[in-house]
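Got some structures for you, see below.
Both complexes shown next keep subunit A, but they swap its partner, so subunit B is in the first and subunit C is in the second.
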Partner chain A sequence: MSGTELDLARVDRDGAIAETRGGLSRAGFLTAAGAGALLALAPRARAAGLSKTDVDVLNYALSLEYLQAAFYTESERSKALKGRAAKAAAQVGAVERAHVQAFRALLGRKAMAKPRFDFQGVTEDPKAFLKTAVAFEDLAVEAYKGQAPRIQSERVLAAALGIHTVEARHAAWMRYLNGIQPAAAAFDDPRDKGEIDRIVRATGFVTAKPKMTTRRKPKYTG
Partner chain B sequence: MLAGAVAAGGVAAGVATTGPTAAPRGSALPSAPRSALAIPDPRPLAREPHLTRWAPLRRAVTARADPAPAGASVARLSPRTPEGTPHPLAVIGRRADAAGRIWLRVRLPVLPNGTTGWVPRRAVGAYELVRHRLVVDLRRLRATLLSRGRPVFRAVIGSGQQRWPTPRGEFLVRNRLERYRSARYGPLAFGTSARSATLTDWPAGGFVGIHGTDRPELLPGRVSHGCIRMRNADILRLARLMPVGTPVTIR
Partner chain C sequence: MAPPEPSVTRAGLLRRGACAAGLALIGVPALVAAAQSPEQDVRALNLLLMVEYTESAFYAEALQRDALSGELRSFAEQVLEHERAHLSLLEGVLGASAEREPQHDFGDATSASDAFADAAARLEDLAVAAYNGQAANVTPEAFAAAARIVSVEARHAAWIRSIVKRDPAPRAADQPKTEAQVRAGLEDLGVRL
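After this line comes the complex of A and B, so read on.
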């Protein structure tokens, strides 16, 4: 078993992400165009008043916030969820969009561009949605925890901790809706960036923009 | 209880002086640093009545009359257009079948124009969102591009002659062709999902395009084989505003 599969299995406790891979080969996921775009888009330059490390950490956090915001937004637009799940998706989505807005405002021109996502129908299937939401929220909590010790500015650290606890609340909420113990462990482990990159890449949710332009001569009726 | 103890001066007065986190008597921790982020209020999803969706076809698939694998076949769809670009489909509905599989209702680029069908959600890629719509008025020979419902572009057009009429209905901009060599089509062309009902044996299937022209003096007029012609300056202006996937209403 490769490291990627192991990592995915660890975060994807209920197989939701694995379910979305149905019908596609693993090689297809790992070589799909744009699969590594999520984090590769992060610019390297400094934002005003922030160290390079903090800019990198903030862009990394922004990449995960983009992923979450797009996930909940697409689900809300699909109107496929009902009841408590729909309410939770709308509320959490609104918060994730606020996070995106805040990170973009702080980073200014240094903010990474929004990647494109293909959730492959997960946002429209209530069961798959909830399982994936648990995986994403747990992942975000682990990511913030993994980066906190690297943050150099105490004000950026304060911001990260402020969001980290909100993500933990989301994780507990989504776990509860999914029938999973919201807070089973006495201690949560962090997860490092390389590991999270591999997990996100393995989902195949990050995709390239389709090329809809060509230089071929038209054959339209004229 | 903790708040009460703090309010009563418990910590400073020595309540916490024996634990592992105890501070020396009389000292105080500095105040908490302010967050670098100004987190705005949660942002509810805006209601967007002009939003439409399309998605590129991922693989060859049979569009069906009903959202079920056993539904009658309506059309066989290729993942590529005749021009070689990904095949975009306008998504106008969604339903789950008895097994929980998701199906999308899409507009089909087949005759008769206006045909719709159902394809499995897994057969298409990411949803793309569009806030534009191109409205082509065949009576007034005008095209208007709307953005969020507001006109942002207007131009006179050429449309099909009486024997090769431009089809009416709801369609989609499928691709964009540029830097080809053909004065007849002008500097740029958009392909649409509309098909001529009369020129069915035209190469590549008789699809209707929106393009420039080498005969601008004929516009406005009913002068084409069904395509929508614009002056070259107008098609270039439209190209700066209109994304692929824009719905096209021809009336």
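After this line comes the complex of A and C, so read on.
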């Protein structure tokens, strides 16, 4: 049924995702995100039955996905990247946006709003772009691994694990493009939220953190 | 038999229907969780041990046959080191419960570079799917051990795919595989389970 298919116009009522899609057409977005096999969203499921812990974990993951999605989208728009790096930025950006969309659909009105970002020029310089991309992707792997043991819902866990390994693929891909070891060690270790937050804060990329969306203001929930 | 479950486990939450209302996230099917128990850990970790045995044997044989050069060779050398470390970790956790290494016949895959690259990509993708598929079946201790490994397998997968100019990350979320699917995948690669 059409209710379970991805429909950007229906899911993204506030236009935030359409806005971050940048130059990608809807067809381009879907292809990049893995075509029809992906993104079966069930709009009625919004945060139904999610425990407080799972809402917390999902919002934390959403905050990191917002950061990544905005970074790649801006890099793509800057048109500073060429060749393989440009192709990787477009594809990885589409996937990060798909993660944002999936988490927002899942959280419904409990989803945190998108923060504001200032990437301070790293999206306009191919070398700085690659270095930042490697750092973001390695950080995402550590963050998902740190949170996975807290997840209570089976469905959320399955999704988080599947995304965790995709972030690791992205990390290896960006490392490869950057000419460094894609898999530098035999084991990847988790990192806790406090440490991740400190690292993200130190970048200065997040300039304004919005409050949670409220029940009164259905701007982000449709 | 599995002992009674503690009052709150992931599997228990699922069975009580929490969050069952169609949370279809980016096309990932629900994991089919068996009750978590030390017995179940042994079963799940032995499956992952088969994957690690296969990977270690595969890269060791390709290097020994001197089939690789350039990027493929440095990939195989680095990855073999990782797979051996994974193998020791799993053997250590399993102790006397560890199953023996299976026989294999990798055919051309360890003697011709094209066949090697293709098999390596399949093997690494299979490893990711195997770990992701067992995650809900294991106790927190086993989960923590497996979690340190699975993202490294995903890095290997993206690495070999980058070398042969295939899409390193073709999906928004990696799909888990069941035990039966993993065993079938290993057999396709020449492992005799």
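Keep this in mind: the second predicted complex is superposed on the first by the 160 of 222 C-alpha atoms of A that agree within 3 Å, B and C clash if a C-alpha of one lies under 4 Å from a C-alpha of the other, contacts with A are read in each partner's own complex, and residues count from 1 in each chain.
Heads up, the rule we're going with is that a contact is a pair of C-beta atoms (placed from the backbone, for glycine too) under 8 Å apart; a residue touches a chain by one contact, two chains touch by 3 or more.
Because the structure is predicted, anything quoted here is derived from the model rather than measured.
Asker: Using the touch definition from the top, say if A:Tyr176 reaches subunit B (first), subunit C (second), both or neither.
Answerer: Once the two structures are laid over each other on A, A:Tyr176 reaches subunit C alone.
Asker: Per the contact definition in the header, classify A:Thr165: touching subunit B only (first), subunit C only (second), both, or neither.
Answerer: A:Thr165 sits against subunit C, while subunit B stays out of touch.
Asker: A:Phe187 in the overlay: touching subunit B, subunit C, both, or neither? Say first, second, both or neither.
Answerer: Once the two structures are laid over each other on A, A:Phe187 reaches subunit C alone.
Asker: Tell me the contact category for A:Glu124 with respect to subunit B and subunit C: first, second, both or neither.
Answerer: Touch partner of A:Glu124: subunit B, not subunit C.
Asker: For A:Thr73, select first, second, both or neither according to whether it touches subunit B, subunit C, the two together, or no partner.
Answerer: first
Asker: Between subunit B (first) and subunit C (second), which, if any, makes contact with A:Arg116: first, second, both or neither?
Answerer: first
Asker: In the superposed arrangement, which partner chain does A:Val156 touch: subunit B (first), subunit C (second), both, or neither?
Answerer: both
Asker: On subunit A, which stretch or stretches are contacted by subunit B in one complex as well as by subunit C in the other?
Answerer: Of subunit A, residues 91, 95, 98-99, 102, 106, 153-159, 162-163 contact subunit B in one complex and subunit C in the other.
Asker: Looking at the complex, which residues from subunit A come into contact with subunit C?
Answerer: Residue positions touching the partner: 4, 33-34, 37-42, 44-45, 48-51, 54, 91-92, 95, 98-99, 102, 106, 141, 145, 148-149, 151-159, 161-173, 176-177, 181-183, 185-190.
Asker: Residues of subunit A touching subunit B in their complex?
Answerer: Where subunit A meets subunit B, its residues are 22-23, 73-74, 76-78, 80, 90-91, 93-95, 97-99, 101-103, 105-106, 116-121, 124-125, 127, 153-159, 162-163, 207, 210-222.
Asker: Considering the complex alone, what residue numbers of subunit B touch subunit A?
Answerer: 32-45, 51, 56, 82-86, 88, 94, 96, 100, 102, 121-122, 125-128, 160, 164, 174-182, 184-185, 189, 191, 196, 199, 202-204, 206-209, 211, 224-227, 244-245
Asker: If we count contacts the way the header does, which residues on subunit C are in touch with subunit A in the complex?
Answerer: Those residues of subunit C that touch subunit A are 8, 10-11, 13-14, 17-31, 33, 78-79, 81-82, 85-86, 89, 128, 131-132, 135-136, 140, 143-144, 147-159, 162-163, 167-176.
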